[in-house]
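Same chain, two partners: chain A is paired with chain B first, then with chain C.
On to the complex of A and B.
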């Protein structure tokens, strides 16, 4: 990047919001994935107009712009794959309005999920997606990745809550689309075109989100299964049983083993454990639904069913689930956390398929995930410095995606395509869909300056 | 249309599925709006391949193709504004799969909403949008218009339930996008780009829908308000009160008066009536929520609050709401049913604004609608043969849209843009959004053969 361009960037955002120091550029080379690429400069923008000026400059001088929130992405979405500029939006962190009456909030993209959650709690409302990284991730990142979490089966994902956006498009124009109204069928659904678009179509500078009243009662139950097939059938049974649990998580044998080796939780070692939560405004409603869930657990031969009698007991049951990622990450130097998603009926075949893939390629894969919406997280733990093992991991990853697609599913339920899954896009999407995505990319970002190299759109 | 083209169409769909008889062409000139334009031929397609062949022929011979389901659209979406061919999909009426285990159904676009509802009922599941025309409208039409209904505030609209689509694009390619998995963030959200796209981007030939378990308990209450402001504040109060009613409908004074003049219902004549329904798996849950609703009705000075003690009483309370459209339509020779949608806090100002507009232009407007999601239906009743009155109606319609946009809302919550609202698109959407929509149209349908003249995309 020429010094004159850096001067122009300094002029746009101010000296304090520009850096080309090595320490910053190294920090901005990575996110929570294993991808690495160093940018040439970084800026913190604080207004839509600054973002617009930066995008215009990037078009003029032909340098890539990669937007970043908290950098918690697991697929390399905010890694500047082709260098250029990292545009950090974390200082656009204002909650602009909370309107309980409109059931809507207006936020800047750098607001942290947990900060919005804390601001809404006194009103008894919440923004439901609740991604795993909720304590640190930004709402702009949630929008860019259509973030989801443990409550997806009942509450959906970010997509279901975005009412309006202000976006700086790749050509430098500013577009407002959507508003605070709960419903609209006015023109194409541009809002949802940008939700999950990973910063390749435009840069979101303001977000209007729908919020929900928080349920007041929950019921929590854990069940242990000796047979994976039974656990899979229990998942299908629950989801077809006439209620929608707010949580239905699964932990596979490898995950349970790893947790026991690294914590004092003393979980039963079995093929699978299911954790269910139901909710409602009344305890009777939560309990009614949990009875239906437990019926299915029992009908499908759960070895053990533990119902929480108190919030403290529920928290105890949750501990195992919450320890998965850190415990597994600690076992070996490197990990890849996938999030293939399949039709609910295919949860058991998928879990079995993952075991087969691990055996075939001699890699260690522990699986857990959101069984209630078919979103499974096979976590591959390995040593990236071991060339031979890395090659086997790569082959296993390929087979995981093939498994999901063969079973009627998708490469990713919540982590996005980014760099990690770009090579597999055509495994899932037919030529007409790929062509349409690439055309939309060209329309929004004619010079391909926004997050180039992602989502297989350059082909 | 040249005879050779008609022969080619006959060859594609078979003689029995082609018509250029006057009676058919006249039938296909209109939908449930006041727009009229006669096509030159009509076909009933029964496979995606036939649709593809028709679209290819249309590109080659440059004739417009307007897709049609049941023709219940209120904005002229399926009126062949530039002649050419009407492509009727009502014979693609197969429910291809019901998988309760996957929480999904696969249907052809010509399946009638009520037929799916009946097929799901024995399983205790439903497809929630429930548009007013549910007894006759098709699911393809629901997708094309992102159909919604009385339960939008709690259950959302069609958009929230479409998991996957097979689409014949304007260039004649067949695209499959999405699948039975509950979640996906794999590439752009092409599914939702086509939901609500009114047949201008592609022709949907297969649909995968998410379904929900049906609530088992409901509570129903009606409240009467002497003061419109109070009713508006009650709506805001309910929606901010920590629960989401499954129904929160409003009927304005003019509507109540018209119902009383034309039925034996003997409704109280007041500024506004609200009808609320809550639901759950348990009666306790429905009742708890209704207590919160009634608290708000009472706090905002409802003159009368009637809670249904039985299903029969609830049905009685529903009668008034269900009679609105037919009763009002009977009063004068013509009607226009609008569906402006505003932030929930703006329901009262909107109702007042509608009264002002009626007075200013000396036209008769009766309003009712889905107050819980801010979606109001001002129904203008008039005589289209009266030129002077028609001009006043046109001016009033303009002002209704301006009112909605000024209050932070949208032209249409569920009826779509079509022909009726095309002239007002730029009132709501900024130049960047209009440009993007037009570019997407060109990408999907380069020769503008699909439903041309709609949604202000030709500009």
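On to the complex of A and C.
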């Protein structure tokens, strides 16, 4: 990047919000994925106008702009794959308005999920998606990835809550789309187009989110299955059984084994364990739903069903689920966490398929995930320094995606395409869809300066 | 390679184990105050990974990142992969000092302790008008901040010990020099020897420290093993006070700041709370507390080396106090009191004090 361009960037954001120091460039070279590429400079923008000026400059001088929030993405979305500029929005961290009457909040993209949660708690409201990285991830990142979490089955993902956006488009124009109205069929749904667009179409500088009243009561139950197929059928049974649990998680045998080897939780070793939570505004409401869930567990031959009698007991059960990633991460030096998602009826065949893939390629894959919405997390643990093992992992990853697509599912339920899954886009999307996506990219970002190299849109 | 960075090399496995998830950002005071990933644990691990892979050198450019860490350990607490970041940072700093690269504030600290007995290079220690170097059951060791910067807090601690009729003595204490281990240098054997000799000469059974960092140093550092081998019980004042019925009560709304050296580093969370809650039932927790507590910004040499950012970190913590609606913020660390008091805005009406100061005020009023 030419010194004159850096000077212009300094002029736009101010000296304190610009850096081309080595330590910053290295820290911006990656996110939570395995991808690595250094930018040539970084800025912390603080207003939409600054973002606009930066995008205009990028068009004029032809340098790539990669937008970044907390950098917790697992697919390389915020890795500056072609160098250029990292545009960090984490200093735009103001909650601009909380309107309980409208059931909406207006936030800047750098607001941390947990900070919004804390601000809404006194009102008895919440923003439900609850991604695993909720303590650190930003709402702008949630919008860019269409983030989901454990509550997807009942509460959906980020896209179900975004009412409006202010976006700086790739050509430097500022667009406001959507509003606080609960319903709108006015024109194309541009909000939905930009949610999950991974920073390739525009840069979101303000977000209007719908919020929900927070249920006050929950019920929590664990069920153990000797047969994976039974667990899969129990998931389908629960989801078809007339109630919707707020959480329905599955932990496979490998995961249970790993947790038992590394914690004091003493989980039953079985083919699968399901963890369910129901919620409501009264305890009776939560308990009624849980009774329906337990009926399904029993009908599908659960070996053991254990209901939490207290909040403390429930917390103990959730410890098992929350320990999955850390426990597995400590087993080997490296890991890849996938998020393939299939129709609910296909959860059991998918779990079986994952086991077959692990055996076929001789790699270690432990699976857990959000069974209630068919979103599974096969976590491949390996040693990235071992070339041969890394190649086998790559082959296994390919097969995992093929499995999901073959079963009528998708490459990614919540992490996004980014760099990791770009090579597989055409496995899921037909030529007409790919052509339309690439056309949309060209319209919004004619010079391909926004996050180039992602989502297989450059072709 | 191994010869080039022997201290870092010991942590190669851990540095590679960092999965870059970024969860360490949650309560990192330096990141929270700056939003600069280069100053967060993940950024530091990325730098060190490249150093171990021979892509980067441990040179001047690294100082701003690797020397700007309060070693508060919130990153390690939040790390799913179990990376002991503070230990790695300390090793990296020692490695850099060995290579001739250091922040001047840190080399200054080392130099001061070569030439003086205390970290502030002061000549006249406050004598607090108490007996020194005498035979007693308890030695009270206040530490440099208590001796030279927060004398009122130390005075209150001593008054409280008097009130409780504790048989104690002070000693001609010198800096424990534990902090040097954090900033790239090592504990001064000569200083350690003086402290050990003077403490043991009192014949005391218990060593009570006013400073959480001194407590850590005496309890854990090899240089102070003779204290432990002599069978001395080493406790922080908050532990010494816990469970004592002081017969005091106040309806003030009180909150507590967990010092990193006492909380995350030593696991002491409940003893101070037990004392405070017994006296002040109207106790509230701050938004981040226990192992999630935000650091006050003073540790790891950051207050001296990066004063502006250190102040910003303290301000973030003080904002949480304001949000809690507390009238009094208590803590058990003179260094935290020092940094938080300096950063407190005039508009912030709550008071910042140590638990002994608070207790002495109530005793004097009753």
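Quick notes
Criterion: the second predicted complex is superposed on the first by the 459 of 459 C-alpha atoms of A that agree within 3 Å, B and C clash if a C-alpha of one lies under 4 Å from a C-alpha of the other, contacts with A are read in each partner's own complex, and residues count from 1 in each chain.
Note that contacts are C-beta pairs under 8 Å (C-beta built on N, C-alpha and C of every residue); 3 or more make two chains touch, one makes a residue touch a chain.
Please read all numbers here as calculations on a predicted model, not as lab measurements.
Contacts of A:31 after superposition: chain C is touched, whereas chain B is not reached. Look at A:430: by the touch rule set out above, it reaches chain B but stays clear of chain C.
Contact with neither chain B nor chain C is seen for A:96 once the two complexes are overlaid on the shared chain.
In the superposition on chain A, no contact is made by A:315 with either chain B or chain C.
Once chain A of one complex is fitted onto chain A of the other, the partner contacts of A:299 are absent, as it touches neither chain B nor chain C.
More residues of chain A lie in contact with B than with the other chain of the pair chain B and chain C. Shared-chain residue A:243: touches chain B; no touch with chain C. Taken together, the two structures place no residue of chain A in contact with chain B in one case and with chain C in the other. Remark: chain C residues 13, 16-17, 19-23, 25-26, 35-38, 40, 42-43, 46-47, 50, 56, 61-62, 64-65, 78, 80-82, 287 touch chain A in the complex. Residues 19, 21-24, 26-33, 44, 70-72, 88, 90-91, 93, 110, 114, 118, 133, 135-136, 325-326, 329-330, 333-335, 385 of chain A touch chain C in their complex.
Interface residues of chain B facing chain A in the complex, by the touch rule stated above, are 99-104, 124-125, 145-146, 148, 152-153, 156-157, 159-160, 169, 173-177, 179-190, 192-193, 195-197, 201, 212-214, 236, 239-244, 280-282, 284-285, 288-289, 341-345, 370, 373-375, 408-417, 421, 425, 428-433, 435-437, 439-440, 443-444, 455.
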